[in-house]
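Before anything else, here is the set of structures, which you'll find just below.
Same chain, two partners: chain A is paired with chain B first, then with chain C.
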Partner chain A sequence: MSTSTSNSVAAASAAVSASRARRSVINKKLVLTLVAWTIALVMFFPIFWMILTSFKTEAEAIATPPSLFFTPSVEGYIEIQARADYFKYALNSVVISLGATLLALLIAIPSAYSMAFLPTKRTQGTLLWMLSTKMLPSVGVLLPVYLIFRDLGLLDSRTGLIIIYMLMNLPIVVWMLYTFFKDIPKDILEAGRMDGASTLQEIFHLLLPLTLPGIASTGLLCVILSWNEAFWSLNLTTSNAAPLTAYIASFSSPEGLFWAKLSAASTLAIAPILIFGWMTQKQMVRGLTFGAVK
Partner chain B sequence: MRLPHITKSRRHLLSLASVAALAPLSAQVSAETITVATVNNADMVVMQSLTSEFEKAHPDITLDWVVLEENVLRQRLTTDVATQGGQFDVMTIGTYEVPIWAKHGWLTKLDNLPEDYQVDDLIKPVRDGLSVTEGEKKGLYALPFYGESSMLYYRKDLFEQAGIEMPEQPTWSQVNDWAAKLNSADEGVYGICLRGKPGWGENMAILGTMVNSFGGRWFNEEWEPQLDSPAWSEAINFYVDMMGKYGPPGATSNGFNENLALFSSGKCGMWVDATSAAGKLYNPKESSVADKLGFAPAPIAKTEKGSHWLWSWALAIPESSKSKDAAQTFITWATSQEYVNLVGEREGWASIPPGTRVSTYENQSYKDAAPFAGFVMDAITSADPTDPTLEPVPYVGVQMVTIPEFQSIGTQVGQMIAAALAGQMSVEQALSSAQRSTERTMRQSGY
Partner chain C sequence: MSTLTLKNIVKEFTSGSGASASTTQVIKGVDLEVKDQEFVVFVGPSGCGKSTLMRMIAGLENATSGDILIDGKRMNDIGPAERGLAMVFQSYALYPHMTVGENMGFSLKLAGVSKEERAEKVNAAAEVLQLGPLLDRKPKALSGGQRQRVAIGRAIVRNPSIFLFDEPLSNLDAALRVQMRIELARLHAELKATMIYVTHDQVEAMTMADKIVVLQGGVVEQVGSPMELYHHPRNRFVAGFIGSPKMNFLDITVTGVAGEGVTVRLPDGSERLIPVVSQTEDGASVIVGDSLTLGVRPEHLMLDAQGPFSGQVQVIERLGGVTSLYLATPDGSGDAPIGGLKSDEQSDSGWILMADGDVNSRVGDSIRYGFDTERAHLFTREGLALQNLNRHPLTSLTRQDNSLSSASAAQEARA
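Let's look at the complex of A and B:
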């Protein structure tokens, strides 16, 4: 009897502690979910507010206290479309960011391959040096770049921006690809070589399929960085090659009321990349955590 | 075309390409495209919206617009003009840039304007501000699109309630007394709103005129900075004290736009700023004080000299432009009396670009629509950039000094005064470090 009692007590206490443990796990999850949601909402709020402002009139946009409920108006959108052709800028943004990304991948894949699988004693130094070029503020090289572009006839051309964005993103692309490639066991490539694969075949048939999520997320990041870049696009273009960042800049002003129009222009400018980001977020996350768990 | 660094074979290739490109032109005459860079201000937006009118009158020219915010535009244009990049055919620049750029040989001299343009109709101080007045480069280098000075705006209803009568020429000490009377925390009205946002074209514009009027100057005749002089100390102490007591909170982030929003929503008793705000404050769609708006000349202290500024946005043709004739056709159109009339008829007379032509101020339709017109004209014609201060100075400019170093000097000094306004340091500390940094910049520039 006493044994059975003690057994049942033990079972009960085990059940209690198990349920406590379960509850604490649930609590932990709940807290984490709440924290994640709060952070997500805080991060999304400025974008939400911008979209909301874009449907206000200029007077409502600067009203204090700001109104959350109002009659939406598309006046801002109509006015900005009358002043500048959105589609021309959007097409430039698409061509330039995709072009720069493809070009960067084309150069970065072979370089990351050689650094990851055939390192020399200077590889680490080279990688660090590449990254250090990102530490220089862009305006420091504005004049030389402007003069080179002028002499090569690249000012206000998509080709010019594609080249500059490719150069700008190359260090990051090489670094990311390098870390992804490093995670691939050398043995796999060696096995391929034993079977008679050439270097190109090795890259195309073994390396690229194995690291595809990583390459995809690197490419996506490169597209986003090129899309949002505003310094070079403002300084090296006038009208023919001007992308959406230049389009937004033309609605900012130190004089007069412009918040609703600026918000409408910004909403239109980020809409494509935002949708693109949502559609590809699985690949992004998969790529960025690729090889993280061993 | 500048192709100094291109190899011979490339040049051959280019000339082949250009022949190929020009071939279809023999069959059809295509329009010449000119690229116009301008600021995103209301008057320029109207100009952009009238593109089709211009193209209808000049079918051989098409316009391509680059519209940017003032500071971004300034950096963009400076890079292009200094490197002879040739990306723009028309540039919108101000009275600060025109003389400096013209002396560098970056701008095209406008000495063959058509007769019907009536150059003499341009308001003289504005025209002088866009010219090089001496030396071999003497001449006009830009045409004024709009001009402005500064004046005092006030709320007539609040003045009446407080029993204050506005004299013909107010003084800064009167403004201080009135601000004390009008300031009412319960009603959310601040006695006075003035710019506090640091920048040579922001807080230093209004402070420059205050210092002038308190008897101060930026430099003496030997180009030695005078920021530690008693006049500067008196003016800046007065400003910081008045703004601290009767100004809106967080004034260091208020520039023209923020003050315009504050005043037009009824939160300021008085505001001293650009005359170009008048049209906006009188527009009941944008302003809740349109029917209570009073105006007076900018306040003075010890002297009237330099008490109100002079600024003009103007259209210039860079030397590097490849379509100078077409560009000149456009700038003469956009700054003509005909253009002013066109805007008056289409957008309403209160919306015309003001402050450029004498004939505008003789136009009855404009006088009827803009009761402030006479004041603005007086303010502009009485501002004298060549004699802006009580004591003599070696420079030209009321609220600015037209030397290339002034942008950085003005902005640095503006930041220090903003720090004093925010209470981070005393006015004396701010001015002595402003003096030191200005001395350093001037020494480095070889003065």
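Let's look at the complex of A and C:
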């Protein structure tokens, strides 16, 4: 038994275990990738199928087994545009979701400021209470809200939806801004005060620029939530202020074959927000995961 | 002309809510007088209220009661910006989204100063601090020392009547700290401004201050020049806090009280006359038989084969010029039993002796040593000092007397 053999044995076994370790790293990566793709596909498949269906004729749309290969047609799109003006609904959606978002930010920024930098004994409780209102089912307050809107003449108005969406998103917006503001070192604002900044100047010159990524992602989330909201828009609007969610719903009444047309309408309704979300995803992720000033 | 006066300042914080709310008094009635162009340093252990006191002066925190006067005008209800102060934060607190130039010019911008004038003032301040080449950089791209200089520059640009510094150098490494210390001293001479400086670094306090304010638990323990605090501490806390390494303390009994001092009996049975008054500042007199605490600084102990104290060397720190001997002394008795002390008690019952750099003691050696009775301190049971009969000649010295500019000015005056 020479030492050289035992050395080479040891070296060989070390090499084996090293390559095993490397292989296990590769395997882990592979599994993770597969899982991620599977989840993504499962989640995206319905949307993919809907877009596919929207380019079929009504007959192809209900065919079993479903046809994967077909000559795409825009018949569905033409028909639905003939029945209802897509652009009117789309404009409503844009105005309402942007309006609600701006209004929510306008109210939430000062409230989050005071909660983050001038907390009182009740601040934590207030924050929790605000969040708890999100647990209340909307249906529970439908009747009072409907009556209030009727009496104020807000039914089927953009203003009405802007207000209700703003209220709906306010707890989340305040919470998110609160956490972003909390990340700002107090010293910086105090230095601003020593430099002669009023509270408003403090907010505009220091706080907002420093938390811009966070505010942007909060705003984006708020736009998306408002865009996708269907309960209030269906119950509080009929035609004038109806956004795209109401537009889709108006095609769901069963009259003959409607799968292709409904798919076309749905595709049109989600297309803007899908593109918007895709374009801003970096911003969203950055704001939501890293905090404001990292 | 910028003076600051604090009159009986009290600060309370309330924590908890409802019935469980509790109020803590953090500053317990502070009186202080800061003269024009003075460099005042607040020192004290962590949590003693240095920052709180400074923040009240700045206007970032309201005083619960008491008056804050700047140039004789009551400032309690005036906002931070209108008090004419500038503050340099420990964390620098630079605006991360602005360039160095914008950071420094921010206060002027808020005050509506024109762009040209702003640039002029920022450039002037940048020149003083050698920040010229960095004006277009963001704080992120600066080193710690550079950030610190920008923070100071931001204060200078405002041309404040009083500068406030809250531990401005504590985030810097040792070498940079020395450099910034000198730079700050230079700035103080150059700007002729009143400065208040918080630190818990002894050396900063001793080297920079005209006047040191020692705080403990929200109370001012003593105010005085560095040499005054060193040579004439008011009480045992100040004696132990000022000076490094710490003063050594030993319980002894009084055997004689006379006009030329108080005689005490040492552990070995010998007696020494310490030249101190026999009355504390609050009028209590010392009589024969009282037990007192003897305080001797490590640098006033000396190796002496006939000395009254004995001890065993536990640790030796050789710094080249001086050597610190950490000694185990059996409390009360003159004969040290070898290895008789547990290590965690060492700092309390052990003594430190500063000896010559060439001393050849070894760990484990039993040594005898004595002390300079002229420079020894005596404290009553309550911790109050019996003041030395002889005022130290340097106690009224301020930092300005140590700097070159005033020395040359004095020479010129003499010529």
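Everything that follows uses one rule, which is that the second predicted complex is superposed on the first by the 257 of 294 C-alpha atoms of A that agree within 3 Å, B and C clash if a C-alpha of one lies under 4 Å from a C-alpha of the other, contacts with A are read in each partner's own complex, and residues count from 1 in each chain.
Keep this in mind: contacts are C-beta pairs under 8 Å (C-beta built on N, C-alpha and C of every residue); 3 or more make two chains touch, one makes a residue touch a chain.
Not measured: the values here are computed from a predicted model.
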Review point. So, on chain A, is it clash or fit between chain B and chain C?
Key: fit
**Study point:** Touching partner for A:N235 - first (chain B), second (chain C), both, neither
**Key:** first
Point to revise | First, second, both or neither for A:L91, with chain B first and chain C second | key: neither
Exercise for review: Figure out whether A:L102 sits in contact with chain B (first) or chain C (second), or with both, or with neither.
Suggested key: neither
Study note, to complete from the structure: Rounded to the nearest 10, the angle in degrees at the CA centre of chain A toward chain B and chain C equals 150
Practice item. Classify the contacts of A:M50 with the two partner chains as first (chain B alone), second (chain C alone), both, or neither. Key: neither
Practice item. Have a look and say if chain B or chain C is in touch with more residues of chain A. Key: B
Check your understanding: So, A:A82: does it touch chain B (first), chain C (second), both, or neither?
Key -> first
Review point. Which partner does A:D156 reach: the first (chain B), the second (chain C), both, or neither?
Key: first
Check your understanding: With the two complexes overlaid on chain A, what is the closest approach of chain B to chain C, counting only CA atoms, in Å?
Key -> 40
Point to revise | Those residues of chain A which chain B touches in one complex and chain C touches in the other | key: none
Point to revise | Residues of chain A defined as touching chain B within the complex | key: 58-59, 62, 64, 82-84, 142-143, 146-147, 150-152, 155-156, 234-235, 238-239, 242, 246, 249-258
**Study point:** Of chain B, residues touching chain A in the complex
**Key:** 2-6, 35, 37, 39-42, 45, 48-49, 64-72, 75-76, 79-80, 83-88, 255-257, 260-261, 265, 276, 280, 285-286
**Study point:** Touching residues (chain side chain A, partner chain C) in the complex
**Key:** 121-122, 185, 187-188, 190-197, 201, 205-206, 209-210, 293
**Study point:** Partner chain A, residues of chain C touching it in the complex
**Key:** 16-18, 58, 60, 79-81, 85-87, 89, 91, 93-97, 106-107, 110-111, 154, 158
